[in-house]
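Shared between the two complexes below is chain A, which pairs with chain B and chain C, respectively.
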Partner chain A sequence: MDKRKTLTFALMDAPFESSRTATALRIIDCAVARGIDVNVFAYEGAVLLPFRHQQPHANMVHGRDVAEEDHPLPREWIAALIATAAEHGLRFDWVNCGLCVDERGAGDSIDGTRRGTPADFWKMASESDNVLVVPTA
Partner chain B sequence: MQQFLIIETRDPVEHRDVERIAALAAGINQEGCNAALFLTENAVIAARPGVAPFLEALAAQGVPIGVDRFALAERGMSSKDMAPGMTASGIEAVVDALLAGARAIWR
Partner chain C sequence: MKVLNIISSAYRAVSEEQDDTIVWLSHALHNAGADLAVLLSGSAVNYVLPAERSSPITIGGRAQRNAPDAHGEVRKLAEKVPVFVIREDLEMRGIAATPDEPFRAITRATLPAFLLSHDHVWHW
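This part shows the complex of A and B:
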């Protein structure tokens, strides 16, 4: 039987600013769907991706209320990834860079994520089958 | 043989240094490795015929060029809008390459 695979991803972009985050989360979603253990190291603005207090908003320009607008929130996407991984018995380790968290007051993240340091990224990368770094634009 | 996957996200009209992909891919191949490209986000615009001749030349040389089907659809494009040698592909192509041990370079 093949050894279970692990992929590690490093994300850096803040939420609501770059398509890179959505693309990276699509790749991570695909990895989870394939039964792969996933590590994510969130660095710089990316530590705000799982920030618990993100809220959807209405779109008055288009005349849509909050429900109609159905504004996507990265914290919900990440929570869905964590839930899917748990359902399939996979390891999904989301680590926020602690210094980046403190700089941004971003300590209140959703359940299933944790605080760490760049040393965690080194350890994750060392122990993974491969690594994808998604830099800022 | 080491595989490299170059993930390009930028529109070559707005970002002229996207052209450097050609030199990067050629250099990788000259070093005895294999380069493949995956175009996503605004980079899929480069798949249109005539927009990025340097990519069409790479494709003609046999460099695999995958084009993100999701990003194509977002921009009102389909595989019918692509130059010869480019292949519409799902995001799973990136996961496949990572699992196969390719070194991925995100641009």
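This part shows the complex of A and C:
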């Protein structure tokens, strides 16, 4: 039987700024669906992707209340990925760059994510089958 | 005070925000009383295409119900404020050089005078 594969992703964009984030999360979703272990190193603004205090809102321009707008938050998508990986018995390791967290006061992240350093990224990359960097423009 | 919002980068964060953030901001500024016009340039000219579509996405088990409707939102905006489109940017992308009403095409040659006709030009 083939050894299970591992992919590492480095993300850099802050939430709600760029379409790269949604694209990266969709690729990660595909990886999890294919039974691949996933590591994510969130660098710079990306440490705010799993920030616990993101809140949905009503949208008067759209004419929808908070329930109708049903705004999907990055923290929810990440929590869903963590849960899906767990259901499939996969490893899903989300590491926030600690110094980037400190700069932004972004320490309160959702469960299943952790604080780390570029050394964690190096270790994850070294032990992966491949690495995809999704940088800011 | 007459303001021109220039949108030249399309589809930024549209899946996360469920709209284009500057189209949304233009709606909100208009609703707050701003005397506003919008210019679509670069990749943002694609918003005039009625066939432009996004589908809701699902990541993990979290499904989206409301996909962004960039064309619909910019069309609604164009019913309230003038929305201009750069003709050459349409042509370059193989989009009909004369967009449907209520959008208005302008050429690059007319841009200097067009920009000068506004008190503020905000390039997002």
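Side notes on the structure shown:
Here, the second predicted complex is superposed on the first by the 137 of 137 C-alpha atoms of A that agree within 3 Å, B and C clash if a C-alpha of one lies under 4 Å from a C-alpha of the other, contacts with A are read in each partner's own complex, and residues count from 1 in each chain.
In this text, a residue touches a chain if its C-beta (ideal position, glycine included) is under 8 Å from a C-beta of that chain, and two chains touch if they have at least 3 such contacts.
Since we're looking at a predicted model, the values are computed, not measured.
By the touch criterion defined above, A:D129 lies against chain B but remains apart from chain C after alignment on the C-alpha atoms of chain A. Applying the stated contact rule after C-alpha superposition, one finds that A:V66 touches neither chain B nor chain C. When both complexes are overlaid on chain A, the residue A:R26 reaches chain B and chain C alike. Put simply, more of the residues of chain A are touched by C, taking chain B and chain C as the two choices. Of the two partner chains placed by superposition, only chain C is touched by A:T84; chain B is not.
With both structures placed on the common chain, the touch criterion links A:K5 to chain B but leaves chain C unconnected. Once the two complexes are laid over each other on the shared chain, residue contacts for A:E17 go to chain C alone; chain B is not touched. Counting contacts as defined above, chain A residues 19, 26 meet chain B in one complex and chain C in the other. On the chain A side of its complex with chain C, the touching residues are 15-19, 21-22, 25-26, 28-29, 32, 59-62, 64, 68-72, 74, 76-84. Looking at the complex, you find that chain C touches chain A at residues 11-19, 21, 24, 27-28, 31, 57-66, 73.
Interface residues of chain A facing chain B in the complex, by the touch rule stated above, are 5, 7, 19-20, 23, 26-27, 30-31, 34, 36, 129-130, 132-135, 137.
The touching residues of chain B, when paired with chain A in their complex, are 9-10, 40-42, 68, 70-71, 90-92, 94-95, 98-99, 101-102, 104, 106.
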